[in-house]
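To keep things simple, chains are lettered A, B and C as they appear, and every chain counts its residues starting from 1.
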Amino acid sequence: MLSADEIGVVLFTLKIACLGTLLILPPGTAVALALARYRGPGKGALETLLSLPLVLPPTAVGILLLEAFSRRAPLGARLASIGLDVVFTWRGVLLATSLMSFPLLVRSARSAFEEVDPRLVGLARTLGCGPIAAFFRVTLPLAWRGVLGGTVLAFARALGEFGATVMVAGNIPGKTQTLALAIFHDNQIGRDDRAVVLAGVTVAVAFAALWTTEWMTRRRSRRAEP
Amino acid sequence: MVGGVLLGPATAEELNVFAAASLTDALEEIGKAYQTASGNEISFNLGASSDLARQIQAGAPADVFLSADKAQMDAVEEAGLVRAADRVALLSNTLAIVVPAASSIRLAAPGDLVGLKRLALADPEAVPAGLYARTWLQSLGLWVKVKAAIVPTLNVRAALAAVESGNADAGIVYRTDAAIAKRARVAFEVPREQGPAIVYVLAPVSSSKKASARDLAKYLASPDALRVYEKYGFLTLAGR
Amino acid sequence: MIELSVELPLAGFTLRVEAALGGRLTAVMGPSGSGKTSLLEAVAGLRSRCRGRIVLNGETLLDEARGIRLRPERRRLGYVPQDAGLFPHLTALGNVRFGARGKTAQVDGAIETLEIRPLLDRFPASLSGGERQRVSLARGLAADPRLLLLDEPLAGLDLGLRERILPYLLRIRDEWSVPMLYVTHNVGEALTLADQVLLLREGRVEAIGAPVDLLSSPALVREAASGIENLFTGSLLSHDRDGGVTRVDLGGRVTVATSLAAERPVGSRVTLAIRAEDVLVVTGPVEGLSARNVYEARVDAVERTGDDVTLRFHLAAGGPPWLARLTPAAVRDLRLRPGSAAWLAVKSHSVHFV
């Protein structure tokens, strides 16, 4: 059903999406926690800023990334000099997909953290937990559903990212071509039949990811009920 | 009468011209002149000829098609949207290898392309400019050696942009593109005899309902128009 | 011994408490919003803006001047909040063990004291209010604390439940040598449990003293919204089964009849509470009154408390002062003033054991 090249595209896409999701998990959780707890000035502005990739057209994000990481820009030049090219490489794919999926994780996780009664955290502190222990022993166990949901959303978004990716990483078969880009490319060269097959693959992958989350969330909540 | 073209009908029409991206600057100039002369409006849809052909076959409202190769025009003709008798082999072009203006890379001969990290071309699987470049590289036995470094782009101007931005080490574009480049310079050109035969084909789209479509097609092949193409470095095939 | 010299800005006022609290259990009382919970949180280390000094049994928890500020997890205190505050994702056992750091002896001791062994496998959601409170107490104890902070642990429980949990609190107070700071609104609890009462009003210490002294003082009269209680200690004299009353000797020549409480042994020390609203005032002796308790008295003080008036009397027969709450109209009609003579009447049903 799938050619060797196409299987390669699927594996590449999955690898990038998994790696990207793992990379954004620690900072995303930390930011979500900080947003949930922070009540000071500038909170609204910060939240809006972090939500921008959600509402901006992906190509807008793409062009901004391209400008920042191009070899002509200071950042891009510095990275290129130590062998870390971003534009037209898999690193560009990772960067674009991670950036676009980051706000989804933060949003879900933040909601979940906000629902954890802060008094419980205070109690855990009096019972001998430092801030990190309190997070892992109280906050996270109570918020895991939201964090997991956010993680899966981020993963799905990374799977499907197109606009920012194609601009920063290009559509190079075998190097930066993800499923979404491959579908586009197949259509461009008049091979709609393959494009449809690949689209079917993305449906299957997304379905599997979402269904697993559903199942996990439902199973656990049944156990906790009296 | 202006330039051998009858002035259009009393009501102004809006005409859609689907043309290869490499013709961007020349057509802008020609289009302005036509609009003044005829009172009609022209709207250009410029891009990879393969992309445009697909759009026309899918029913896009094109009135005139100017393709950078025969294959795309053939596809549109096969779909019954262009009549063979209306086709005109209009222009030719040659290939040029460009590098970023500030680059210190020395490329003098085709063999120097081997070993580059990133070589930008229009998608060599479908876009004419990319297909021409591939044919040329294959004829020299270099295709397999540079394949891994190729960065395929949406069309030939995107390949030029990749080089101008410095993100690609070099690119293969038309000589006419290199001529208008601001931040890229020509490393070397592919002489006409050594390169593939490049032919731009023009035809009015037969399914167009606009009265002025055929007139516009004629205007785009007129002596006035040919002068403009030559100004930008294209080789004209249709005689004066 | 807890030495407090703290200052904490709150919304509307600054909490300023200067006190040295010995004894086993100190009740912290005062009107809502006077800073009681904030005080507990400050001692627990949960209020970073708290300044000053907190020394517990010689160990410094906070000393701003010397730059010492122990983080909550280092203070080794037990905190029992108002609604148990159990971790919903852990069983009762998981909750109790949470701060114990593997000290099984401590955990077992707490489980035994609070008698929660049958509950250990259950999740908080399936426990009743009383059971949750006991688990919360056990959790605080199991952490081997130097001080127990309890924030109205019996609030929100019905009277029967309160009666049942009070003994556990007494047990903790008596068997575990952990000092306790106990926030409550309930005068009965304070009387039963506390060695001393710290009265807070708008963040300031209004008084510190023995419960019996404080709780019938004009100070508390002013604060409490309703249910000012007359609190008397005495010894149980006799039971009259046919008459349906139990008699208590309050000292002097005063005896009080309460509803029959045959289960209490004769001669035992008891504490009685009579709500000020339940005390009737008559301007002259009466015949044919159903109330079993009628005393000749004289008005000592008349004070406006919100929409009502509270009067303090001393009985002709002696003993501690009595408080009665009347409407201003009644006070006006009866022409009650300091020095007025009157008779007080209370039904035996209105006399409660505390």
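By definition in this document, a contact is a pair of C-beta atoms (placed from the backbone, for glycine too) under 8 Å apart; a residue touches a chain by one contact, two chains touch by 3 or more.
Predicted, not measured: the structure shown is a model, and the values here were computed from it.
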Response to the item:
Overlap of the subunit A and subunit B neighbour lists contains none
Worksheet item: Looking at every pair of chains, which has the largest contact count?
Response: A-C
Worksheet item: Which chain would you call central, comparing Cα centres to the global Cα centre?
Response: A
Worksheet item: What is the distance, in whole Å, between the centres of subunit A and subunit B, each centre taken as the mean of its C-alpha atoms?
Response: 39
Worksheet item: What is the distance, in whole Å, between the centres of subunit B and subunit C, each centre taken as the mean of its C-alpha atoms?
Response: 91
Discussion item. Roughly how far is subunit A from subunit C, centre to centre by C-alpha average, rounded to an integer in Å?
Written reply: 54
Response to the item:
Residue set of subunit C touching subunit A in the complex reads 41, 44-46, 71-73, 75-79, 81, 85, 87-89, 98-99, 101, 122-123, 125-126, 139, 143, 149
Item to complete: Can you check the complex and tell me which residues of subunit A touch subunit C?
Response: 117, 119-120, 122-130, 133, 137-138, 141-142, 224-226
Discussion item. Using the touch definition from the top, list the residues of subunit A that touch subunit B in their complex.
Written reply: 66, 70-72, 85, 87-88, 170-173, 185, 188-190
Worksheet item: What part of subunit B is in contact with subunit A in the complex they form?
Response: 48, 50-51, 54, 117-118, 123, 125-126, 150-154, 162, 165-168
